[in-house]
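Chains: A, B, C, D and E, in written order; residue numbering restarts at 1 for each.
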Amino acid sequence: MLAIEDVHVYYGAIHALQGISFQVNQGEIVTLIGSNGAGKSTALKTISGLLRPKQGKIRFNGEDLKGLPAQKIVARGISQVPEGRRIFANMTVMENLDMGAYLRRDKPEIKKDLERVFAIFPRLRERKGQEAGTLSGGEQQMLAMGRALMSKPQLMLLDEPSMGLSPLLVKQIFDIIKEINAQGTTILLVEQNARMALSVATRAYVLETGKITLGGMARELAASEDVRKAYLGG
Amino acid sequence: GTTGAAAGNAAGGTIKVGGDLELSGGQAMFGQEAQNGIKMAFDQINAKGGVLGGKKLTLDVADNKSDPGEATIAATKLVGDNVVAVIGPMTSSLVAAATPVVTDSKVPLITPSGTNAKLTMAAGGKVQPYIFRPCFIDPFQGQVGAKFAFDTLHAKTAAVIIDQKSDYAKGLADTFIANFTAAGGKIVDQEKYASGDKDFTTILTRIKGTNPDLIWLPGYYNDDGLIVKQARDLGMKMPFAGGDGWDDPSLFKIGTPEALNDTYYVDHVANDSPDMVQFVKDYKEKYGHEPNAMSALSYDSANMIINAIQTANSGDPAKITAELDKLTGFKGVTGEITIDPKTHNPQKKAVIKENKNGKGIYLTSVSPS
Amino acid sequence: MGHVLREGLQQVVNGLSMGSVYALIALGYTMVYGIVKLINFAHGDVMMIGAYVGWLATSRLHMSFVPALLLAMASCALLGVIIERIAYKPLRNATRVAALITAIGVSLFLEYGNMLVASAQVRSYPPVLPSVSYKVGGVYLQYGAIVIFGTTIILMILLTLTVQYTKIGKAMRAASFDKDAALMMGVNVNSTISATFAIGSALAAAAGVLYGAYYNTIDPLMGIIPGLKAFIAAVLGGIGIIPGAVVGGLVLGLTEAAVSALGASTWRDAVAFLILILVLILKPSGLFGKNVREKV
Amino acid sequence: MLLKLENLSKSFGGLKAVANLNIEIGQSELVGLIGPNGAGKTTVFNLLTGVYEASEGKMIFAGKDVGGLRPYQVTHRGIARTFQNIRLFGDLSVIDNVKIAFHQHDKYSALSAVLRLPSFFRGEEEMESKALALLEVFHLRGRAAEVAKNLPYGEQRRLEIARAMATEPRLLLLDEPAAGMNPQETRALMELIRWLRDNFQLTILLIEHDMSLVMGVCERIYVLDYGMIIASGTPEQIRIDPKVIEAYLGEEAI
Amino acid sequence: MKVLNRKNLAILLAVLVAYGGIQAAIAARLVPPFYSVNLMLICVYVILATSLNLINGVTGQFSIGHAGFMAIGAYLSAIVSVKLHGPLGAAILAGAIVSAGVGFLVGLPTLRLKGDYLAITTLGVGQIVQVVFFNTNYVGGAAGFTVPRTVNWTWAFWLTVISIVIIHNFTNSTHGRACISVRENEIAAEAMGINSTKYKVMAFSLGSFFGGIAGGLYANYMYLIQPTTFSFLTSFNILVMVVLGGLGSMTGSIVGAVVMTVLSAYLSNFPEWRMVVTALLLIVMMLFRPSGLLGTKEFNLGFLGKKGESRAA
């Protein structure tokens, strides 16, 4: 479904991604793990068109995404829950969710999805009219997830969805990720919380300073000695 | 070494005259009209072979941005360029700012339209030796206006509207008030605005409450037109009168001809006077629009300098100054100019015009008493 | 007594007419600010260009009022988009002051560029708005003022509805807050911002044509003072808030009228600013502004 | 008691973010404040540090009421904090970040700075050496000249704590210091927190969602939900408290 | 002694050479008047730009009404020298002190405002000052206030040097760092124990003080001052210098002031095109160097000193 081939990305002189290749198949949950500054967020931003690769190919359903502006990539069915949530702080919770469905025109379906989001995050229903900027950190994370769900993506990119969430919510979020996936959305997940990520993922890749050093079935990686030492804290 | 350098200048093929003009900023219109007038005078003399046996006159312009500080800088630049004389600035306060510079450098300056009485007078009642003008001064205008309002229009009460940013308007207002009250009239209200304002309804409403026989409005035409129109829209039917600032063809486009009926103003010259006809025609031909008083006075200023150079037979600023000092019977398009050596003001007649159906019609002329 | 009352009422009407002119200009100002967070100092000058286009259309091309107005709005919309593309877009990620300086540059360029093209001469508008005034209970009411007031209110309502409830409006607000996040929602940020400038500049042009027609005269520097006043009006109401701009404009107009009515016309601008400052000290984000504190 | 919150409340419009909160913390204690997202934890910090004004209640620190003080005055009283979203002086160097926090302990006036009197040079020298010493402690000395925003995330978090320490506080408030850190970094942070407390006789109150950290270092924990305390006690007690499990930890708690 | 290290000695030498050279040239009548006016203007604008930089660049308070403080300094110094017959030094100082006082009074309530709200307020203060002078007949009202020229190159040069040194020394101290921290993040600065109000007001008053000094120099050199000289366009002009040089960089402000003054002098030969060219240059400059000529960096003479001694602030 998504194929990344030898992608290089620079921030000015910083060579943030040094030729990474990986793929995500239809229906999978794939996770990218790696330490701070490895380039995980950079990879996601490149896929969603916010950054331009200097070299390399990104294919989605066989189509080359190169040169497509970000808004067109969303229209192809890729949506992102960005690191740091990036909700629209000056808009209400409801308006944020509306923005998620910006490109959609199927009103009844949108309504259904809204109900689904509210069912997953009842707190958002309570705070429908509140300005998003005044939500607590966790509430904002829920909103960011909800907003991405509203675009009904084929492929959802999640950048550290569990950051700053209570343990209960972390668990819920991962349940939700599984659920969304079960409902047919393919997921590319970036996580600091590697243990959780590996537990829900089908396959995983390890990113180290801009290069992919390992890749394989999530279960296998979780069992690997190196990965445990470096990313699982034991 | 201004003098020496100027002589060197004269030895070349050209003689440089400076223009310290309002080419940008709030009064940019004045400077541009003046520049046109001066250039026309120079082009005409140059076409006739120039002065001093073939030397061409050139205008060295410096933009004073309608700002007094910049007027000082512009004057400094011009005297640094060794001009033999300076024309401009056009507005009184800027002339005051340029005066010390030209005085220090002993270069004569003619302000075409700086009408403030104090410009040519130094402290202690002495004349400013290097400042000249071809126009009459504010007290004279105010006096003529007051007499006309009282005697001819039979106004017993008057209100005055003053542009607070304009020294000129203030001068005209002061002398009007003095002369009008001395004649037995009464000033019932004084209101102020700032040039550039577009809405005058609030001050007009106040004046309306005092119901004067006449409104003395010594501003510039673009404000005058608007004020009169807005007054008429508020149902105010009394006559208006003002000074030479009214003189511009676009007055009637800004205010409607109908609104401007029953308004009067003091002016330097009637556009249909025999002296002006040729100038108006030439000017229209050259620049595509009618001249106003600024263009005409600047044209005269330029010719005063040409005349002084020719009679002095020299491009030396000191000699030009001396010639200007004793200028008599100079035939300008705005009238005959004789400089009073004690005041450096010309003895000139004023005319009064009435606006009638979109034209300023000559009514009468008044000689200085 | 009746006389004083009538004069007072007349001054209120005068103030409201002046105020609605400020409000009309402030609408576009505040809208662009609300979305792009740029003090578009060139707004007053776009208004001036609009006035000139309207003048050309009516006096030279002999068009009638409404077509001339539409032409002016269309050309200024285009001008606004061009200005944004050339001068503001490259600075989206630069500091706010850099954009402000560019806006000043654009403002000077429009003023003096037009002075080169059209000369500094004051032009007068052909009488496209009937110069009629109605007398109601001794108080005079200008036809033009009524038109401007009405236009302002209608545009205010339309704009508010657009920004609050339409898709493009939401996209505008989203892009205003976080461009990248808006992109991730599928918003075409560039065209959204262009649309913002197009609408803002078209509004400026409408204001310019009405201003020219109402006050009869236009010149290349005519936009400076109204631009400044509109800025005050917008801030007074809470910058970025559309109804706030209108209320701010009207309050400003009434204040100026009151100051003049009391015979202190030369203190008008100072009092206007003083009131603005006092309001801001009491309500730091303007009359309608929410006092948003940064959440820590 | 070093810190005593009595009946502290804060409402935003209709929402009661903190409701009748009572908390006591003794000298040199290391206390955790946990609770679901939106429970009001950060709000408590904001109230304590004068960012928000309490709707009701009292805050007694070292025997004195700190209610109604401006943030800088609270800092002068000896309370320092870090922020949930890092707020470094991003464009300044690492050492300048720390020096700024030393400001209140400065001994020279603006006049002696302008005239470059000897007291200026003495003051600057002292500050420089104090700042470097502090950076040394936080393993940031090698980064002293770097621009703060260019540091990796983990080091930025550490710098934020170093900067807070430079104000020489008696009470340190840490808002989610481990957020965005991987397990290793979190473990190092734990060590650091303990070490700080022991070395500076510091009292620490920390908010954190990473239970390994909270359970690992805190001696006592308060659990907040809907602005109210639903439980308090040792980590062991909290871990098995059914109310906490239901509201916060979830069934399969660690 | 630290004050007399190699770097500072070199700077001192350069300053003395600059002063002596120009003074000698003026004495020998080698400097055409137009040039000497512009040299004076450069001094005036350097003081204005560096002092505005202290407010806008260093402390991050968006002030766009600096001409108002220049006006206060100009008028007050003119009153002292013309009406009270005070000596020039006293006149300039009095102007500066009153300007700082007004800055303090205005700053106290208004500096709570943020960003654009503060901007319009400072603009308003500038306008109010202008209106007050317009309406005060004691200082000539609209007609202006005539002041004899008593300022010469020596006055202008040394006042500029002193202003620069004071602003530099203030900025490069713990007090300056406190101002910078307010600019960087006010909430964090407060949390670090910095009284942000105090430092904002301090920077604002100090900036106004030097704005007043510049006004005093201007008034006592230019023969005539008028309220219109100190319009918001003048304020913008100063702001442009600061931003052009690089907001936050003092050397940048100096460069900006020199460049803009020289440019304006040069362009006065092309009056019709002057403003259009200035406008285009502004736009192009900002497009290619949005953070100004020097960014926030200082042009540094560090290579003259020992290593490490002159770390950039």
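Heads up, the rule we're going with is that a residue touches a chain if its C-beta (ideal position, glycine included) is under 8 Å from a C-beta of that chain, and two chains touch if they have at least 3 such contacts.
These figures come from a predicted structure and were not determined experimentally.
J.: When you check each chain against chain C and chain D, which touch both of them?
T.: A, E
J.: Applying the document's contact definition, name the chain pair with more C-beta pairs in contact, A-C or D-E.
T.: D-E
J.: Measuring centre to centre with CA averages, how many angstrom lie between chain A and chain B?
T.: 75
J.: Report the inter-centroid distance (CA atoms only) between chain B and chain C in whole Å.
T.: 36
J.: Between chain A and chain D, what's the gap in Å when you average each chain's C-alpha atoms?
T.: Roughly 31 Å separates the two chain centres.
J.: Which residues belonging to chain B are in contact with no fewer than two other chains?
T.: 24, 26, 164
J.: If I count partner chains per residue in chain D, which residues reach a count of at least 2?
T.: 42, 51, 83-84, 87
J.: Residue numbers in chain A touching 2 or more other chains?
T.: 134
J.: Can you list the chain E residues touching chain C in their complex?
T.: 56, 62, 109-110, 112-117, 119-121, 123-125, 127-128, 131-132, 134-135, 187, 232, 236, 239-240, 243-244, 247, 272-276, 278-283, 286-287, 290-292
J.: Using the touch definition up top, name the residues of chain E that touch chain B in the complex.
T.: Listed in rising order, the residues of chain E that touch chain B are 29, 32-35, 37-38, 41, 134-135, 141-144, 146, 149, 218, 222-226, 228-229, 265, 268, 271-272, 274-275.
J.: Which bits of chain C are touching chain A when the two form their complex?
T.: 167, 170-171, 173-174, 176-178, 180-189, 292, 295
J.: Within the complex, which stretch of chain C touches chain E?
T.: So the residues of chain C touching chain E come out as 33, 39, 86-87, 90-91, 94-102, 104-109, 111-113, 115-116, 228, 231-232, 235, 239, 266-267, 269-270, 273-274, 276-277, 280-281, 284-286, 294, 296.
J.: Note which residues of chain E are touching chain D in the complex, please.
T.: Interface residues on chain E, with respect to chain D: 2-3, 166, 169-170, 172-178, 180-181, 184-185, 187-196, 202, 296, 311.
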